[in-house]
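Structures given as structure tokens follow.
Consider the two complexes below, in which chain A is the common component and chain B and chain C are the respective partners.
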Partner chain A sequence: MSEPVLQIRSLSVDYPTRAGLVRAADDVNLTVFRGEVLGLVGESGCGKSTLGMAILRLLRPPGKIVGGEIVFDGNDLLKLDDEEMRQLRGARISMIFQDPMTCLNPLQRVSEHVVETIRTHQPEVSEEEARKQAAELIDRLGIRTERMDDYPHQLSGGMRQRVMIGLALALNADLIIADEPTTSLDVIVEAQFLDLLRDLQRQFNLTIMLITHNIGVVAELADRVAVMYAGKLVELAEVFPLFNDPLHPYTQGLLKSVPNIRLTEDHLQIMDGSPPDLINPPPGCKFHPRCSHAMERCRAEEPPLRKMQSGRWTACWLFE
Partner chain B sequence: MAEQNLIEIRDLKKWFPVQKSFIERLVTRQRQFVHAVDGVDFDIRRGEVFGLAGESGSGKTTTGRLILRLTEPTEGHIFFDEVDLAALSEEEMRRVRQRMQVIFQDPFASLNPRMKTGDAIGHSLEIFGLAKGEEKRARVMRMMERVGLTPMAPLYEKFPHQLSGGQRQRAVMARALIMHPDLIVADEPIAMADVSVRALLLQLMMDLKEEFDLTYLFITHDLATAKYICNRIAIMYLGKIVEMGTLQQVYSNPQHPYTQALLAAVPVPDPKARRTAPMPRGEIPSPINPPPGCRFHPRCPIAEEICSQEAPSLEPIAGQEEHLAACHLVK
Partner chain C sequence: MQSTATIPEPTSLLGRFLRGRKWYGAEWYMTVIGGFIVVFIVILTLISFFTPGLSPYNPEKRAGEPFTPPSWAHIFGTDQLGRDIFSRIIYGAQIVLQVALLSAVFSLVVGVPLGLVSGFLGGRMDRVLSLIMDSIYSFPGLILAIALAALLGAGVLNMSIAIAVVYVPIFFRLVRGQVLSIKEELYVEAARSLGARGWTILWRYIFPNVIPSIVVVFSLNIADAIITEAGLAFIGLGVDPSRPDWGYDIYRGRSELVGGRWWPVTFPGLAIASVALGFSMFGEGLSEILNPRLTES
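Here is the complex of A and B:
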């Protein structure tokens, strides 16, 4: 396997609220390797976006990292000062969010965004040369070059997401964190975007952490998949074995409740109950109240995420 | 009118005038319109789940709003239970509207955050003067029990934010059903929901359909979800229906190139089934000046000359009675 780009070690994030303390990410361990697409999936409130924001140190107050390390390129990001972190963000770690308008300056033309990004990364490049590179890049993104002087609001949602990918490319970022990048896109535009992302990923050996609730998008694009539930990482495996033979009962239930347009004879299965209130999480395994395999031990002791003989990881006492 | 049809739509159009600045109006004389719905015909049969699917801007939501008469059609007719809605007085329409209810995609947005769940469910009983006080409460409780919103007494007093996702969906259904409607228009009812909540709502909708003898118009952009609930489906593109048929016909044998692309684009939750089919280029064009001829022709991989000149009508496909497509190249 290739070298690790990012190592998250025992990371915990708390949100103190009036009703009590919410542990949104609980002792998470996860490594992202160079050149892979790591899918991070789970339902709303499972902590997947919190994890993404924690890596960037952009948690919204009162969210706070209360323990652990985030090692990127040999440095613990949690030990950097704000200025060092600001340099790193955007320059070496790029972000793509659900709504690209939040990341694009509405008063700056698309070309200006790209030119500025190229010149920040390579100050030796002249304005003219940067503009030439920008045009090439925009063309490669499948946007007609006559649109390059448009303002972000003049572009469609799909084109804006393409621009975001383009900025990450211009920076030659070591890691791209994409949080629900296709969620606001229509299905054909989503498919076009995923095609582009896959092509660029292969061509430039990009490292992408793809955070989404859309299991189909993960199946299309990811090399490995991490499943989160109630702030915990419950399963981690390569994409084929994970979908073929999910180990954790939560992963099993999740996959069975996803609509699949291909299968002809099937029906959706319903997982009993709902995710726990994180102010008063259940003791032991947080999934045990909804789990049909729950044993005495599951109610008392929390299972750690452990590596199995097959090289897969799961947090479940069934695999003790 | 066929007796089995609850709804018949004939040549329905809705054009929205484009708002322009004063100067622009002086310079260009011509008024411009968004052709949101541009000549749509279909029937909804009693007891079926009819799906209306398409991307944003296809006109599916406007069609739903026209049926509910939340917006007035520019042209065309909507028959509800053999009555032309356009001919009804406001008072008559009020009575018909009780028989149609709508549920929206986001239960948070459709439940008043300051109203107790029970009061929200029974609100329309009061508005229509059907029940109040103890009588209302009793009817709400009975409905809560039937949709599985239990224990009733404590949940009656709770506010929407205190309910779980599944409970909120049940509350929305209970509120729609308390009027004993014939038709429920479900506009993206599950777009916001997470996977496990979504499966639950679909199941709930199907269970209640049998029990309350309902007909659904299911408006969605999510073709994978539509598969689990619709009997028949119409695919819309830029204000027109491009293909219509039973779910089986449309999904296993799509004829219109747009339908084929749309179905192929849906991400499949199985890495073994990764998509290889190429996608049509570009995006859905502006509905202000839709392309001439077939509206899909600029993006269509098999377009011929005729496609840019003549608009194809929605015609039955040879040998397939119920399966229609609007494409010059489909025989």
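Here is the complex of A and C:
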């Protein structure tokens, strides 16, 4: 494996709510290596987006990082001051958001977005030079350069999402966090978008943390997959072993619930139950109320994420 | 990368504005009619300000028999002192417009920055400012203006200030509310995630999205201020009784209605109504046009 770009160590994020404390990320340990695509999957509300926003330190209030470290390039991001963190965002770590319809300023042209992003981080670059770079970037994304002075509403959803990638790539960030980048695109645009993302990833050896609930997207792009459930990482493996032989019962259930055109309908299994209430999480393993293999121990003790002999990681007492 | 990429020239402001726009629709009629009235009254005021002999008669001197009904010699008739009402309306526009424009500018200049900062930063300052603005807002506007005008005394500037104070909270609340909602937009979050500075976000992401509402409220405010000015003049808090002023002319003409002499009241009243309407229509129409999201075909 190559060098790590980002190391998350025992990260915990709390959302104090009126009803009680929600621990959206609980003691998460995760390393992202240079040049890889790490898929982070899980159901809605499992804390995967929280994790992404926590890395950029842009959690919405009342969300708060209550413990752990996020080591990026040898520095703990949680110890940087606001200005240092701001300089890092966009330049070293950037983000692609879920909804391309609303993530561009409706009153700013596409070119202005790119020029502004470049000039924010490289004030020495002249307006014209930045505009030239913007044109190249837009061309590279497969958008005709005569569209660069359009307003976001004049572009299609797919084009806007490509512009978002462009913004994330504009300064050759070391890490790109893509939070559900294809969720609001239709399947054809999604396929084109994934192709583009893969091409760019190979071409520039990008490091991408791909947050999604879409197993298909992960299978398409990711090198490794981390599965998250109720704020905890429950399994971490290379993409093929994980798909062929999921270890954690939750991962098994997740994969079974993906429709497959080659199988008949009765093979599609929907997991029983629903994700736990994070204000009053179940004791022991948080998955045990929905787990068909649940044992006495699962109800009492929480399994840690441990490395298997195969080099995979899982958090389940079945593999003790 | 590919050097074949052609870089289009940035279009001019006018080019941006005209490109891909439809030239029909209610907003255009409103803007054109309102704009016509606004431009007409502004030009009229400017000309009359610099050329004293513009009107058919001296507006401050007796020009004929008192209470001459509208005729070819006095198209709007004369008032109780025999002054030509048409001439008084032409020169009366000066005070109304000066006061209305000045007061709207004052309240914009104070209310908008306060609203932007207050909404964006939040915290204790926001709470204190909101409390102050809400207290002013909860006061009946005309009564507050009367009290302030009485306190400050006569004069264009004093009247403008008195009216401006009443309208500051309108700008403040409007802008603050919009900032609060735009602050939560995904594109603001996206800008943050790309490392945009706080003031860049406020200036380039939030402020431009507030402008359309400011323009509407500004224009509506002028319309409102025209009426408030007339109201102050009506009760004698105007600039100077001898100078022509629409509101004060209505005050003096009101008692003549019973005698069937309708013209001293009607024409200044129509002037106030049409100019106020012109500014409202212009503002409403412009707000529809200025917003590029609405021009999507």
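To be clear about the criterion, the second predicted complex is superposed on the first by the 302 of 320 C-alpha atoms of A that agree within 3 Å, B and C clash if a C-alpha of one lies under 4 Å from a C-alpha of the other, contacts with A are read in each partner's own complex, and residues count from 1 in each chain.
In the analysis below, contacts are C-beta pairs under 8 Å (C-beta built on N, C-alpha and C of every residue); 3 or more make two chains touch, one makes a residue touch a chain.
Keep in mind that what you see is a predicted model, and the values were worked out from it rather than measured.
Novice: Go through the superposed model and pick first if A:Ala135 touches only chain B, second if only chain C, both, or neither.
Specialist: In the superposition, A:Ala135 contacts chain C only.
Novice: Could you say whether A:Asn280 touches chain B, chain C, both of them, or neither, answering first, second, both or neither?
Specialist: Once the two structures are laid over each other on A, A:Asn280 reaches no partner at all.
Novice: Quick one: is A:Thr117 in contact with chain B, with chain C, with both, or with neither? Answer first, second, both or neither.
Specialist: second
Novice: Can you name the residues of chain C that touch chain A in the complex?
Specialist: Touch list, chain C to chain A: 1-2, 5-8, 10-11, 185-187, 189-197, 200, 204-205, 208-209, 292-293, 296.
Novice: Of all residues in chain A, which touch chain C in the complex?
Specialist: It is residues 56, 58, 86-91, 94-95, 97, 99, 102-108, 111, 116-117, 120-121, 131-132, 135-140, 145-146, 148-149, 151, 153-154, 164, 167-168 of chain A that touch chain C.
Novice: Which of the residues in chain B end up touching chain A in this complex?
Specialist: Residues of chain B touching chain A: 55-56, 164-166, 194-200, 202-203, 221-225, 227-228, 251-252, 261-275, 279-281, 283-284.
Novice: Residues of chain A touching chain B in their complex?
Specialist: 43-44, 156, 158, 186-192, 194-195, 213-217, 219-220, 222, 239-240, 243-244, 253-255, 257-262, 264, 267-271, 274
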